[in-house]
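Look for chain A in each of the two complexes below; its partner is chain B in the first and chain C in the second.
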Partner chain A sequence: MSKNIPPNTHRHKNVKRIRESLALATCSLLVTSPQPSMAEEYQAPWEIDSSLLIYSERDRVSAFKPVLALRKEIGDDEFIGFRFVADVLTGASPNGAVPTDTAQTFTSPSGESSYTTPANEIPLDDSFEDFRLAISADWEKPLTDTLKGVFGFNFSIETDYTSIGLSSTFSKDLNQKQTTLTMGASVNFDKVNPQGGKPEGFTTMPTPLFPGPPPPPGEDDEDGDDDDGFFKGESKNVGELLIGVTQIINRFTLTQVNYSIGNSSGYLNDPYKILSVLENDGSGDLRTGDSPYVYEKRPSNRTYQSIFWKGVHQLANEDVINISYRYFWDDWDITSHTVDLRYRWEIGGGHYLQPHVRYYQQNAASFYRQTLIDGEELTLDYASADYRLGNFTTQTLGLKYGIYFDNGAEINFRVETMRQRGETESSDAIGKLQNVNLYPDMDASIIQAGISLDTDIISKFLNKAFRNN
Partner chain B sequence: MNISLRFCIFFIVFYGLAACSLEPVEPWDRDILAQKKMQLIPDTLENYADEHIYFSKEASVGGQGVGGGGCGCN
Partner chain C sequence: MPTLEQKQDYFAGHFNAMASPCEILIDTTDEVIARQITSIAENEAKRIEHKLSRYRENNIIHQINSGNKVTVDDETARLLDYADKLFELSDGLFDITAGVLRRAWQFDGSNNVPEQADIDFLLPLVGWKKIQWENPDITLPAGMEIDLGGIGKEYAVDRTAKLVQLFFDKQDHNQQQVSVLLNFGGDIAVLTPKNHPGRSWTIGIDTGIDGDAVVGSKNNTHTLIALTAGAVATSGDSRRFLIKDDIRYGHILDPRTGWPVKNAPASVTVATETCTDAGMLSTLALLHGSEAETFLNEQGVDHWLRW
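The block that comes next holds the complex of A and B.
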């Protein structure tokens, strides 16, 4: 096999390393050329990736998330993989109501639990507590010399939500494997089983003054969903399709463009989100003739699309730029722009630093409202004060440090800060609310530590340790 | 702007730019492209964590792939 390495001075130093890495090159996703069957000679090790993430919002939600991913080559370019995830979530989440100059008390749909927000503070539902377990499996199989399939399964369960899904992605190499066409599809069948009962959209939330009638038994069954057994609750189905092109530009540059379309249907409300209902006298006071809080109501269907571009480029000093842009839009009139940039700076000796910048800007859904006026809940089709459907930006800044070893192992650690800032909708800021920030701004920090190795590395380490003893 | 027109313009611009600078890269010259840090998603667990965080805090989803599971994120 001839080697055609350009006479580039700084790269000459690495010729030996490059020769050694050619075997690795032939194993890559992009270079799926036929290779000797290594599986016949030895059992490939299990690749083990694990990480621990701590996500913490100021005065709000905290999450603790360990992840373990396993992957093994079981044939020529054929892999199986598994991922196990646990999420422990606690804290408070904005419920959609606006701050007022008196304390506010909120009750669950069943009336079983309540919480109180002090005056002039954004109301937060502090009963938020959840534990989520997720498992996924995938099988990557070359179907021909130029066609590969990846077939996936995922399942997750939490207190009030269950999800089960299937996916498949096919990649076709063209143009001497310089170009790869990708087509993917997935379906998810989810069940939402709200704690404290499922509220109907635009019905009032009980308060001490307006306790309301208790929900009739069996109310949740009115739309025919099966509420018995393990997989119970309101249905939410999601289907997604993706087509994409990955193109090698030159030895140092790779780029990708994807178009995706998805549809969710069924119960798309957030059962814990409400809206404040104001008097229609322009004062900005909560209404007094009935409960001043109603549950949100969203359409039962959503179609969303996106165009995604990514470029990866290695500089002469072996640093790598990874940049992406996504334009997203849906039929709820939400549009967004996302720019993400990572710069991997090789600082020598197997160490690297990677600064990360992400900027996200979103325009609100057509039915996003921060308040309603008394009576509007009877005339509107939909309304939600969920901050995630509003006008806002998210800025993320991060830094990652990693060290990688000759045997392929890597240890890394990253710290990020996330800042979400939204707009007060002037049309909803009525009377005394005009000088109040109605959007629940958020600051969060992310810490993640990861380690990658394989079972060969572990057994070599153990052998050495025991031999020394 | 019409959605399909927007998509076509993006595609044409992308391929126009790509075609200007395409260099055939032989299989034995793909050592650099084969490095882990040169993959489109170089750290899958970091990417998984980010996708989950932003999925739960923003209304936009996806772009890089399909599937991945649901979440009743609040």
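The block that comes next holds the complex of A and C.
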């Protein structure tokens, strides 16, 4: 056995404190490490969802719409997300007037600009051009084991429209998470600031023959809105409530029912939409005693409700069927049905194809008119020829192809074609208009490309790329 | 192959690496998780063993010791930078070039103490500053050698702790992180779950012959400490020494003299945040010989000494 030698007393070394310097050196030895890379605290990557959509109506509006969505887990099941959308719109949009057998010229409320539609063509406002930028942020936070809150903020701006909104949604899990109750509320405060001035409902649109008085300088402000500063213009306020139930039926089947009610109030007119005013002699000719076009006028309040049902079922081969139906109604008497069907076919090897069929049918608002008879603008409360308030159906056929990778990234492409057909209202088709299609039918197509990935995938990819160089 | 053993309320994985028995205790009843973690630990321990062993002929240490200019990988570079820093902090007491002195000193329990002439012959081959190290290139003068074995085991424990942490971070949220104890031949780290204090592991610091810390022993000859987080490392000379003329020559050599450090404790155990820190502090304490306790008090770390 060895002897236990007691510490002796003569000092032959300087004893100094090195602990902090050592800890620092150890830190740089351990922190930056070879693959697999290991940060001190594991940071969830940013999930990136990006797409580019091109929407194009035949002879009408085209839209170019890039979207970037970012989402990141910042705590246990706690997420923040941001979404940036830009929308560039150009082209021509039906202004509400009916086609006639002579060329028609239209002027903006301020008289600053005008455009002419050839004979026998649906009048289109070809000055339609807009840029919209929307930003939204949300924060998803588990409040208890079974209660989750999502709090959102959104803001969008375009040439003539500004919107700012807040929302919150609460989801409560019941029955071992087989059932989820959802309640949500949102408010939006919008400002409409029409290009070329805000027309009053049922006032006439100036024409070369009937130039009309110039609009009074410094826009009237009878509603007391603050017209100065960034949020100038006419107010429109929207509030919505939603309640819903999601039920997991079995491992493969899920169903969801939502009811929502909303109210919008304030300036609900479309400042660019007009109606043609006909002579009251049954000829179907535009009136000649005054400008044959008046601006539309809608109620300043609208309450709307909808019921939505969705069913999702996964088949044994992993294909997924997604069916939904929505019934919508409002106090403008618009009702609509939407049926949507998607089938996701897993081809294998990470490829899928998803056909999509959608059918939309709408019954017109009570004040929807395709024409007015001279004098009606003095007796009617409201009228609008906006084709979006009419009787019409839209059929959509689409196909999406996607490929997803082992690391979670996905690339997808989508093409869709839309066919919108409306009715000519027989009560509005008078005289020579009886044989004319007064509804501006529309065909459109959508092309979209999207990519989903996260920042981990990107940095791995870059690392690899640099190593190979 | 590692073995896995289900204890009362935890799993214990065992394997051998770096010439030591290694033990992984996982506070779970989920065998799959336990097996995965044990496997992560074994892979990492063996990876570092293969990479840093000076007994192998196909690794970076062998290349460097062959004397040619070598461009090293990132991990080796960081280890060399670390050795450089330790050399500086310890005023040359910690020197990874000291290994050549073992050609003179055979610590086999015999009385085979070398002559001063043997040592003088070797001393020119010792001295970290004689080495050209400019990250990432290293060139050793002829006859010199480096040995990172003095850092390797503690480093392997901390590396494994990080890999296990990464493993938990990549699990889905339902898989809660559990406490894991890593014990590579007495160099220990406990990995604590982020959200709850986790399990307290009882570690016995051997006050007998063996010198290494052991886990879970209730033997009276052990000082028991409870570890819920952080790391513990022990350095000692209790197993490797020479005795001549009633003088015990421990295997801790002072690289500046070529002779064993006098009056060093038989073993030093240090507890601190990382196993590497604990190991370096306990090694440096031994190199301080009789000043070991003073040195450790100066550092302000928890420590246990056996003389």
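Criterion: the second predicted complex is superposed on the first by the 427 of 469 C-alpha atoms of A that agree within 3 Å, B and C clash if a C-alpha of one lies under 4 Å from a C-alpha of the other, contacts with A are read in each partner's own complex, and residues count from 1 in each chain.
Keep this in mind: contacts are C-beta pairs under 8 Å (C-beta built on N, C-alpha and C of every residue); 3 or more make two chains touch, one makes a residue touch a chain.
Worth saying up front: this structure is predicted, and the values here are computed from it rather than measured.
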item	value
Touched partner set for A:Phe308, first chain B, second chain C, both or neither	first
Partner chain(s) touched by A:Glu376 [first = chain B, second = chain C, both, neither]	neither
Comparing the two partners chain B and chain C, which touches a greater set of residues in chain A	B
Contacts of A:Asp126 with chain B and chain C, given as first, second, both or neither	neither
Partner chain(s) touched by A:Asp331 [first = chain B, second = chain C, both, neither]	neither
Contacts of A:Glu423 with chain B and chain C, given as first, second, both or neither	neither
Touching partner for A:Lys236 - first (chain B), second (chain C), both, neither	first
Intersection of the chain A residues that touch chain B with those that touch chain C	2-5, 18, 21-22, 25-26, 28-30, 33
Interfacial residue positions of chain A with respect to chain B in the complex	1-5, 18, 21-22, 24-31, 33, 49-51, 53, 55, 61, 65, 67, 69, 83, 85, 93, 125, 128, 130, 132, 134, 136, 152, 154-156, 158, 160-161, 163, 165-167, 169, 176-178, 184-186, 188, 190, 192, 236, 238, 240-242, 246-260, 262, 270, 272, 304-310, 312, 314, 320, 322, 324, 326, 328-330, 332, 334, 336, 338, 344, 360, 362, 365, 388-389, 394, 400, 412, 414, 418, 420, 442, 446, 448, 450
Of all residues in chain C, those that touch chain A in their complex	73-75, 78-79, 81-82, 85-86, 89-91, 93, 155, 158-159, 162-163, 165-166, 169-170, 173, 195, 238, 241, 243, 246, 248, 263, 265-266, 272-274, 276-277, 280-281, 284, 288-295, 298-301, 307
Touching residues on chain A, where the partner in the complex is chain C	2-9, 11-19, 21-23, 25-26, 28-30, 32-34, 36, 38, 42, 76-77
In the complex, chain B residues that touch chain A	3, 6-7, 10-11, 14, 18, 21-35, 37-40, 42-46, 48-49, 52-54, 57-72, 74
